[in-house]
Amino acid sequence: MLTAQWLYGLAGCLIAGIGLGNTLVGSSLLKRVLAINVMGAGVFMLLIAVAYRGPDLAPDPVPHALVLTGIVVAVSATALALALARRLDRGQDDG
Amino acid sequence: MTDILGLLFIAAAMFFFMAGSIGLLRLPDVHSRLHALTKADNVGLGLLMVGASLLGSDPVLAVKLLLVWLLVMAASSASAHLIARQVPSGEEDPACK
Amino acid sequence: MNAIDSLLFAASLFLLVTLVTGLVRALIGPSLPDRMLSIQLLGTGGVALLVLLALQLGISALVDVALVLALLAAVAAAALTRRERCDD
Amino acid sequence: MQMTAWHLMDMLLALLLLGLAWGALSTRDLKRGVVLFIAFGLLLSLVWARLRAPDLALAEAAIGAGLSGALLLSALRDAPAMEESGEKSIIPKLGVGLLSLGLAGVLAWAWFVAISAGAGERLAGIVMVRLEESGVGNPVTAVLLNFRAYDTLLELAVLLAAALGIMSLGPARRPFAPPEALLASLIRWLVPLLILTAGYLLWVGAHAPGGAFQAGATLAAAGVVLRLAGRHRIGLPAGIRLRLLMAAGAGMFLLVGLALMLTGRPFLGYPPTQAGLLILLIETAAMLAIAATLVLAFTGGRPKTDVLANTAGKLEASTASGPVPVRPARAGGANNDCNPEQKAC
């Protein structure tokens, strides 16, 4: 087992944990959106750590493809969440 | 021989990057930090690109690296200018008030 | 591992440490432009680190990554500094 | 020596990422949080490069460091929605801590299982063996557009759904002020270069790192820069053509899949001789759709001059009754660039 897999894998787990905690208790909507993104990034790190095979070997392309999909979905979900937050704010102004 | 020259260039680049970081950290106000950072880092990157081109010994790579350096210079001088313009207005929220 | 590689490693480590040093400014601020400056440092330094990694790992595509990073660095700075129109 | 050098770098990077994640989320100052999050994205791009994932590094450099940053920095302007709510979470602190630890633990367990599984069972081997039949030389592109094309089709559908959601939530933000001279000259060379780079990434994605996602994000950056410079025309078409463009990615995928079924092949089962061409076709459409969606996401809503949406708005205004307040600006948004709730307008 490679040290890089350990390091990035466990860092990914912790980052996902930090993200989840802040998603639950975040003090503002924007903060919660950031937290969800951080949580996703942690999971991505975990997957890419699993795909890693060492400095001289080609890594596993399947997790790479999964994470690439994930990055794009994450940014579109973030944009949707921000649009919802903006809309929510206007709703409060109206009411 | 070219390898040694390349490494020397990279070592010189490291000096400039260090100077930029220290400047960013130690200088007293945002304008001087901007000044130190933008200048030092772009010189550092230029030296690093020369070094990497010498080590890579591939003309295509060298052209690409040169292009990237020019881009970074143009982009960072523009953004440095934009950031500098931002400062006097009190940096705060640009919404219409 | 030959001497050139070890020296490249040393350089990338050194570069990473200078980037961390610069990130302290993002942490302490105080103003938003101050923080953005450290992002700019991370952008330029990131390009440099990518070039070094490209040499060390032998992945020439990392130079393409550096190119994209260089192009996109300007976008974030522009996003920070632009004002919305309000005179109409 | 080599191993220790890598270890030092890995440790530094992993600690730095942890610290940035913590710093971005633990601060009460949102500006600081957003800037640290952008730094987190930039650093993540370096980590992908270090872990030999240049495809991801490209996507992260374009999206994580560039587009997300621009998106979040503009969100900072919507101050009221983003302010501290002051509400206490209903979940007790201990519970949150336990849940977070639980997630970290479950992930660590999953990671351990994945790592310790026999190397022979991995999909990587199958991908590498069958790469030649896929029509492309880049294994990540092969997985995305051939071996697991369904995933990517559904991803484009998710993207379309997000775009539709954003469009239906309200009008776009107000446009930006006209650019100063320096920014004007910046976009004069930056926009063409971004478009050129997008084309390059799309093309090179067949056999080297790159592809529709990275290209789409880079192309979107061109639209974002134009928007930031206060341009009215940012490359997005209007009306029905905008909708068609946003649906182009998933649509082209479906068309190709169905056409293949007509020839007696399974859905999205490309014939090996034409696979390369078909993949390029789908990727081109996907790139355009991704770029349109991301630019639309940055503007934050449907275009102010959107004919279809404005007719819909008028209908809404004429049929709405009772407690639902319909403000005039939404129905007649085309002739008024200002949101009424902004005090200055």
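As written, the chain order gives the labels A, B, C and D, with residue 1 at the start of each chain.
The definition used in the following text is that contacts are C-beta pairs under 8 Å (C-beta built on N, C-alpha and C of every residue); 3 or more make two chains touch, one makes a residue touch a chain.
As the structure is a prediction and not an experimental result, all values here were calculated from the model.
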If you walk from chain to touching chain, how few steps can bring you from chain A to chain C?
2
Which chain's centre, taken as the mean of its Cα atoms, is farthest from the centre of chain A?
B
When A-D is set beside B-D, which has more C-beta pairs in contact?
A-D
Between chain A and chain D, what is the gap in Å from one C-alpha centre to the other?
13
Averaged-CA centre spacing for the pair chain B and chain A, given as whole angstrom
29
Distance between chain centroids, defined by C-alpha means - chain B, chain C (Å)
9
Residues of chain A whose C-beta touches two or more other chains
55
Multi-partner residues in chain C (2 or more other chains touched) are 32, 36, 38, 43, 57, 67, 71, 73-74, 76, 78, 80, 82-84, 86
At least two partner chains per residue is the criterion; list those residues in chain D.
2, 6, 13, 52, 67, 76-77, 183, 186, 190, 193, 342, 344-345
According to the definition already given, which pairs of chains are in contact?
A-D, B-C, B-D, C-D
What residues on chain B touch chain C, complex-wise?
3, 7, 10-11, 13-14, 17-18, 20-22, 24-25, 30, 33-34, 37-38, 41-42, 44-45, 48-49, 52, 55-56, 61, 64-65, 67-68, 71-72, 75-76, 78-80, 82-87, 91, 94-96
Chain D touches which residues of chain C in the complex?
1, 5-6, 9-10, 12-13, 16-17, 20, 23, 26-27, 29, 32, 35-36, 38-39, 42-43, 46, 49-50, 53, 57, 59, 61-62, 64-65, 67-69, 71-76, 78-80, 82-86, 88
Can you tell me which positions in chain A touch chain D when the two form their complex?
1, 3-5, 7-22, 24-31, 33-35, 37-38, 41-46, 48-53, 55, 58-62, 64-69, 71-73, 75-80, 82-90, 92-95
List of chain C residues in touch with chain B within their complex:
4, 7-8, 11, 14-15, 18-19, 21-22, 24-25, 31-34, 36-38, 40-41, 43-45, 47-48, 51-52, 54-55, 60, 63, 66-67, 70-71, 73-74, 76-78, 80-84, 86
Provide the residue numbers of chain B that touch chain D in the complex, in ascending order.
71, 74-75, 78, 81-82, 85, 93-97
